[in-house]
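Please go over the structures that come below.
What follows is a pair of complexes built around chain A, which joins chain B in one and chain C in the other.
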Partner chain A sequence: MSVVGTSVARKDGIGKATGAAKYADDLSIPGMLFGRTVRSTIPCGRVKRIRYDFDTTGFTIVDRRDIPLDGRNVVALIEDDQPFLVERDVRHVAEPIVLLAHADREKLLAADVIIEYEVEPPVFDPEASTESLKTLTIDKGHLDAGFAQADVIVEGTYRTGHQEHVYIEPNGVIAVPEDGGIAIFGSIQCPFYVVKALKSLLGPKAHVRVVQTETGGGFGGKEEYPSMIAGHATLLALKAGLPVKIVYDRTEDMIATTKRHPSIVRHRTGVKRDGTLVAMDVEVILDGGAYITLSPVVLSRGCIHAAGPYRCDNVRIRGRAMLTNTPPNGAFRGFGAPQTIFAIEAHMDRIAEALGVDPVTIRERNALVPGDTTATGQRLTADCSALPVLREAVERTDFRRKREALRGTNRGIGLSLFYHGSGFTGSGELRLASKAALELTDHGVRILVSSTEIGQGTRTMHAQIVAETLGIPYEDVDVAQPDTTLVPDSGPTVASRTCMVVGRILQRCAEDLKRRLGDLTPAEYYRAHGPFTIVREHEPPGWIQWDDETYTGDAYATYAWGCDVVEVELDADTCEVRPLHLTAVQEVGKAIHPALARGQIEGGSAQGIGYAIVEHVAMRDGVMANASLTNYTIPTTLDTPAMDIVLLENPYEDGPFGAKGLGELPMDGPAPAVINALRHLGVDLSEIPATPERVMSACGSR
Partner chain B sequence: MKSALSQLSFARPRTLEEALTLLRDEPLVPIAGATDLYVGLNFGTLKAQRFLDITRLEELRGISVTGDRLVIGAGTTYTTIMHSASVRAHWPILADAASQVGGVQIQNRGTLGGNVANASPAGDTLPVLAVADAILQLRSAQSQRAVPFNSFYTGYRQTVLRPDELIVSIELPMVEGKQWFRKVGTRAAQAISKLVMAAVRTEAPRIALGSVAPTPLRLRRTEAALAGGSSIEDAIGVLQTEITPIDDLRSSEAYRRAVAGNLLRRFWAS
Partner chain C sequence: MRLTLNGAVTDVEAAPGRRLLDVLREECGLTGTKEGCGEGECGACTVLMNGQLVVSCLVPFAQAEGAEIRTIEGVGDHALQQHFMSEAGAQCGICTPGMVMTASTLSRDATLEDIRIALAGNLCRCTGYEAIYRAIQRARAATSA
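Let's turn to the complex of A and B:
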């Protein structure tokens, strides 16, 4: 029997296909009220006066004064700087000020709350901002000595815009008063993050239970924000003494919740005539928005990936995340890496052009191989696959010949080479100390983890790992719904860690359990000995050394590798960029479920194509002006190229069956490949999205 | 859904006569496919509360050829139009336009009369009706009148349609010459037009653009320039004086001007 490596039926497939699966907005609890958030309409200033211009009968009204005495008005995350409700100062449009609840949705929506402000001038340009949320520097070798060896110095500035997650289900939760505290049912990526935030809101001794309901996508957008909306529903529910549901509509979700950080990345690179990189000086600026939230760690991952998958002895990467008066930017698939990889991969094609070599040659010359060290000084081992993915992609697409053949046509072809660190950065996994458990049932085993199924296949993939390890049928493995009072804290469902890290803990649980079972099946053991649960904690490899102060050492336990080739067609009349074909060669250690792995790559590549070409967040006066699915366009099937997905497997020795992280990797490659394909067409663009309007400007200035 | 649905109601007549009587007695907003209406309800921008459901009116549906005219009932859906042999034979660019409206679900519900009545300058079929010199048959309980499509709009989302009138049919006189259509949307499908152009290459060329002015626009002076033997570059210069595009969420004035010129050049070279 071999379950791992087989595309078995999804655990959640039938429920979702038949509509039996219940999402937050499908649930209704007797007595339940609906909640609404009244938000700031200015980007910067102070609240002067709040007036309730409606009949308040039947309404529950909450403001900052309703924070419990034992609690704090702060969404606990990395730093304690973002309030659940405005105290006095407003830092961005759509900041929550007042909460309302009512049994009748129409009365709730009609209620008019008038807020008067004292307005102050906002800052929207991260380069004009004087307040940094985080700075860091990565230093390797001697930059000056490196530049002294250079024959050519190539400089470039690259910009990326906001990106909206567009998970199909907007943010939503239901808060239910329970045991003197609160139970939350909601669309959530990281149930224990919500527990932490609510214990800060209500006081450490408060009863808090968080249950993940079926979740219609996350992409990072339900990593930190659910803590906010859950806090709001909690405050209303506790004041009303009744369950309260808050579900955003698409516009509120787009205006109020997080986006991908916009970036400005400057490269100054010294290179020898033969193409060898000798010095890389990189400056990374992220627009953090109005609160710190996750910006420090997004900046960290972005900077660590900023030198690309290349060997260079002298590297300096300086990063800063700046405060601006927009809603905080946050987690989004790739977490800083898509921005910096866009920059380095667009820059590599400029370097190639400056040297008169092709894009493949410059990458072959410098791609990391086992034994090389990264910018943080991490020495790579046999699971480094930069050259294998590059060679496979180049050969499969006949890249060099095609590039010549397309010259002079309205088609261009470009590639990108990239990598993505699996799991939390540095000592992060050690600090998380994630746990997973297996319990016996009367017909097999049940997985107990807080990892969430958000469409990516968590339940299925975990069940495969357990079934394979125990040598029992896949159907005998159940997966418990994440409920923080019943499952251990497996860490957040982020950072491409759910398979590699949590899957590995489950594998260890299953190995222990198998020894205990002896010759019995789980069901036989259960009947003979009764209930039994095994819990294991993550054991990061002992060799990982990381210094948070100097940003040196082993940034990630392993990396997944990718090379994308994109062919585009440019419409001469309209400057529309049409992606015709995408080849994605991605090395993921081991594809536990090949169909799901391909699905991740297809979906991530489509999201990357959207990021590259059509997804444009129009910010006006600090607020998303095109906050609808009509005006914020994501690719339809007709905007998505034909895809050739190639999975390579070079096992990571400490992953389950060799698996590495895969979820974020496919997001990194398409944007630079598209920009490089445009460059091949003669369009010199260094900013995404490459909208027709921008392409036209670039063509005009040629 | 921002609108209070409990406050909404609609009348559902079975015949056109009944509908027109209802419309005479009370200001009602007609609903056919409701594809634009739902957007307004969702965003809370539609203030109307009483509606007239005209989807049951057989009199408003169907496509026929009468003499030298293609006659399309106002309640005919885009799906019916794009599959109609008559439309494909006589006004193939109307079928093209219908096939590029929204997505399949919108095409199944949305109607040609609705596209006209909604009066958006971005309506995908409207430049086709403009170059067809289409005639709109309007009826009220008391009267019937024929209004040239090119006189129907008086300003941004303003028309000559009276509150007691319904558009019952749209007549497209047949035309000789090569027809040309191009929609430039915000993406390949399910998109609102940044620019939409219809044209007919006859002795006197006909050209119309959408999304470049407060109403769909027939480019009379550009047509005259081309008919009079002007060079295409001079004609593009005239076109630039006829259009008044704006910067909005979907595109920019500069882009719309440049693309309008490029499309005219492409049409003229075709």
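Let's turn to the complex of A and C:
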């Protein structure tokens, strides 16, 4: 029997296709009120006065003074700097100040709260900001000595904009008073993050239970912000003594919640005539927004990936995330890497051009191979697949011939080579110490993890790993709904770790359980001996050495590798870029469920195409000016290219059945491949999205 | 107000200016119809009104008087629904009811291009649409076999 490697039926059942699956907004609890967040309308300043210009009868009104005495007004995450409700200082537009709840939504929306401010000048340009949220430097070799060997020096500056997640289900939670504390039901990626934030809000002894409801997409957008919404709903529910539902509409979701960090990346690269990279000096600047939130770790991942999948002895990468008066930017699939990989991959084509070689040759010469070291000094082993993915993509698309054939037409073709570290950076997984559990049921086993199903197939893939390891039918494995009082903390559902890390813990649980069962099936053992649960903690490989101070060592346990080839057509009249075809060759260790793996790559690639071409957040005075799906567009069926997906498997020895993380990898490749295809057409662009306006001005200058 | 809801004549009391979407979800308990944007762009709230696809967030309830409304709960295209799941055409699933409603109006001999054009008003952020095309094509192939 082999269930791993086959595309079994999803554990979700038919509910998602019949409308029976219940998302947060589908739930209604008797007596439930609706909640609303009153937000700042200025980017920087102080609250002077709050006036309630409506009949407050029947309203529950909460401000900062309603935070319990045992609690703190901070959304606990990495640093304790972001408040649930403004104390006095306003750092960005849409910062929460007052909360309202009412049984009647019409009345709730009509209530007028007038807030007077003392206004201060804001900072919107990260390069003009004097306050850094995090800085770091990666140093390898001797930069000056490297440049001294160079025949050619190539410089470039690359910019990326905000990107909005556009999960089709906006954020939403319901808070229900329970056992003197609170229960949260909501659209949540990381239930234990919410627990941590609510324990900070209510005090460490408070009863807090967080239950994930069916979640309509996350992509990182429901990693940290649900803690804020849950806190708001909690404060209202505790004051009212009734359940409170807060569901954002699309505009509020776009204006108030996190986005991908905009970036400016500068490259100065020394290269020999034969194409060998000898020195790479990289500067990475991220716009962090108004609070620290996750910016330090986004910067970290971004910088670690900034030298690309290339061998170079002399590297310096300096990164800084800067404070600006915009809503905090946060987690978004790829987590800093799509920005820096865009820069290096666009830069590599410029290096190739400077040397008069083609984009494949420059990459072939420098691509990492087993035995090479990365910018942090990590020595790669046999699971490094940069050249195999490059060669497969080039051959499959007949890249070189096609590039010649398209010359002089309105079509261009470009490629990108990339990698993505699986799991938390460095010693992060050791610190997380994630746990997973298996419990016996009367017909098999049940998986207990806090890892969430947000569309990617967590439940299905975990069940396959457990069934295969135990040698029992897939149908005999259940997956518990994440409820933080019932499941162990298996860590957040982020960082391409849910299969590779949590799946591996489950595999170990299943191995232990199998030994215990002997010749009995789980159901037989359950009938003979009663309930039994096995819990295991993650054991990162012992060889991982990482220094958080110097940014040296084994940044990730392994990497997944990809090469994308994109063919675009440029409309000469409108300067619109149409993506015609995308080939994605991605090496993922082992595809536990090939159809789901392919689904991750297709979906991630479409998000990458959107990032490259159409997804433009227009920030005006510190607020998203196009906060609607009419004005911020994501690729429709007509904007998404035909895709050819190739899965390669080069196993990672400590992953379950060899699996690596693959969720974020496909986000990294499309944007540089598109920009390189435009370069092939003679359009010199170094900024995304490649909107018609930008393409037109680039065309004007050629 | 009287309408035919998933084949059954139904009386519903609701303000004429309310969105059909809200009336379906809150008065009729039919929460399979989803709200993604509230402005007719994402298609998650797609239902059939007198056989025509409409985005129910843009339809005032008054317009539904006497109409025949069909939602995901009454679409009855089981092959299509099953193929959405088996082909991984549903990931997070929030767009799926709207996708199924739109796809249910496609003719059996719809080409890939027909499918892409028909679904252009239904946004999906998870799949890149490829698995949705596969689901629809296989369901069509299965029912015509």
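Heads up, the rule we're going with is that the second predicted complex is superposed on the first by the 701 of 702 C-alpha atoms of A that agree within 3 Å, B and C clash if a C-alpha of one lies under 4 Å from a C-alpha of the other, contacts with A are read in each partner's own complex, and residues count from 1 in each chain.
Criterion: a residue touches a chain if its C-beta (ideal position, glycine included) is under 8 Å from a C-beta of that chain, and two chains touch if they have at least 3 such contacts.
Since this is a predicted model, take the numbers as computed values, not measurements.
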Problem - chain B or chain C, by number of chain A residues touched - result: C
Handout entry: Touched partner set for A:216, first chain B, second chain C, both or neither
Key = second
Exercise for the section: Identify the partner contact of A:638: answer first if only chain B is touched, second if only chain C is, both if each is, neither if none is. Expected result: both
Exercise for the section: Could you look at A:19 and tell me whether it touches chain B, chain C, both or neither (first, second, both, neither)? Expected result: second
Practice task
In the overlay, answer first, second, both or neither for which of chain B and chain C A:692 touches.
Solution key: first
Practice task
Scan A:573 for contacts with chain B and chain C and give back first, second, both or neither.
Solution key: first
Exercise for the section: For A:454, select first, second, both or neither according to whether it touches chain B, chain C, the two together, or no partner. Expected result: second
Exercise for the section: Look at A:630 in the shared chain and tell me whether it touches chain B only, chain C only, both, or neither; answer first, second, both or neither. Expected result: both
Practice task
Could you give the residue numbers on chain A that contact chain B in one complex and chain C in the other?
Solution key: 249, 628, 630, 635-638
Problem - Residue ranges of chain A touching chain B (in the complex, touch as defined) - result: 106, 109-110, 249, 251, 572-576, 578, 614, 618, 625-626, 628, 630-631, 633, 635-639, 692-693, 696
Practice task
Spell out the part of chain C that touches chain A in their complex, as residue ranges.
Solution key: 25-26, 30-39, 41-42, 44, 71-73, 80-82, 84-88, 90-97, 100, 115-117, 119-131
Practice task
Within their complex, state which residues of chain B touch chain A.
Solution key: 1-2, 4-7, 39, 42-44, 103, 184, 186-192, 194, 249-252, 254-255, 258-259, 262-263, 265-266
Fill in the blank from the handout: Within the complex, chain C is touched by chain A residues 7, 9-10, 12-23, 25-26, 28, 165-170, 214-219, 249-250, 454-457, 595-596, 598-599, 602-607, 628-630, 634-638, 640, 643, 645
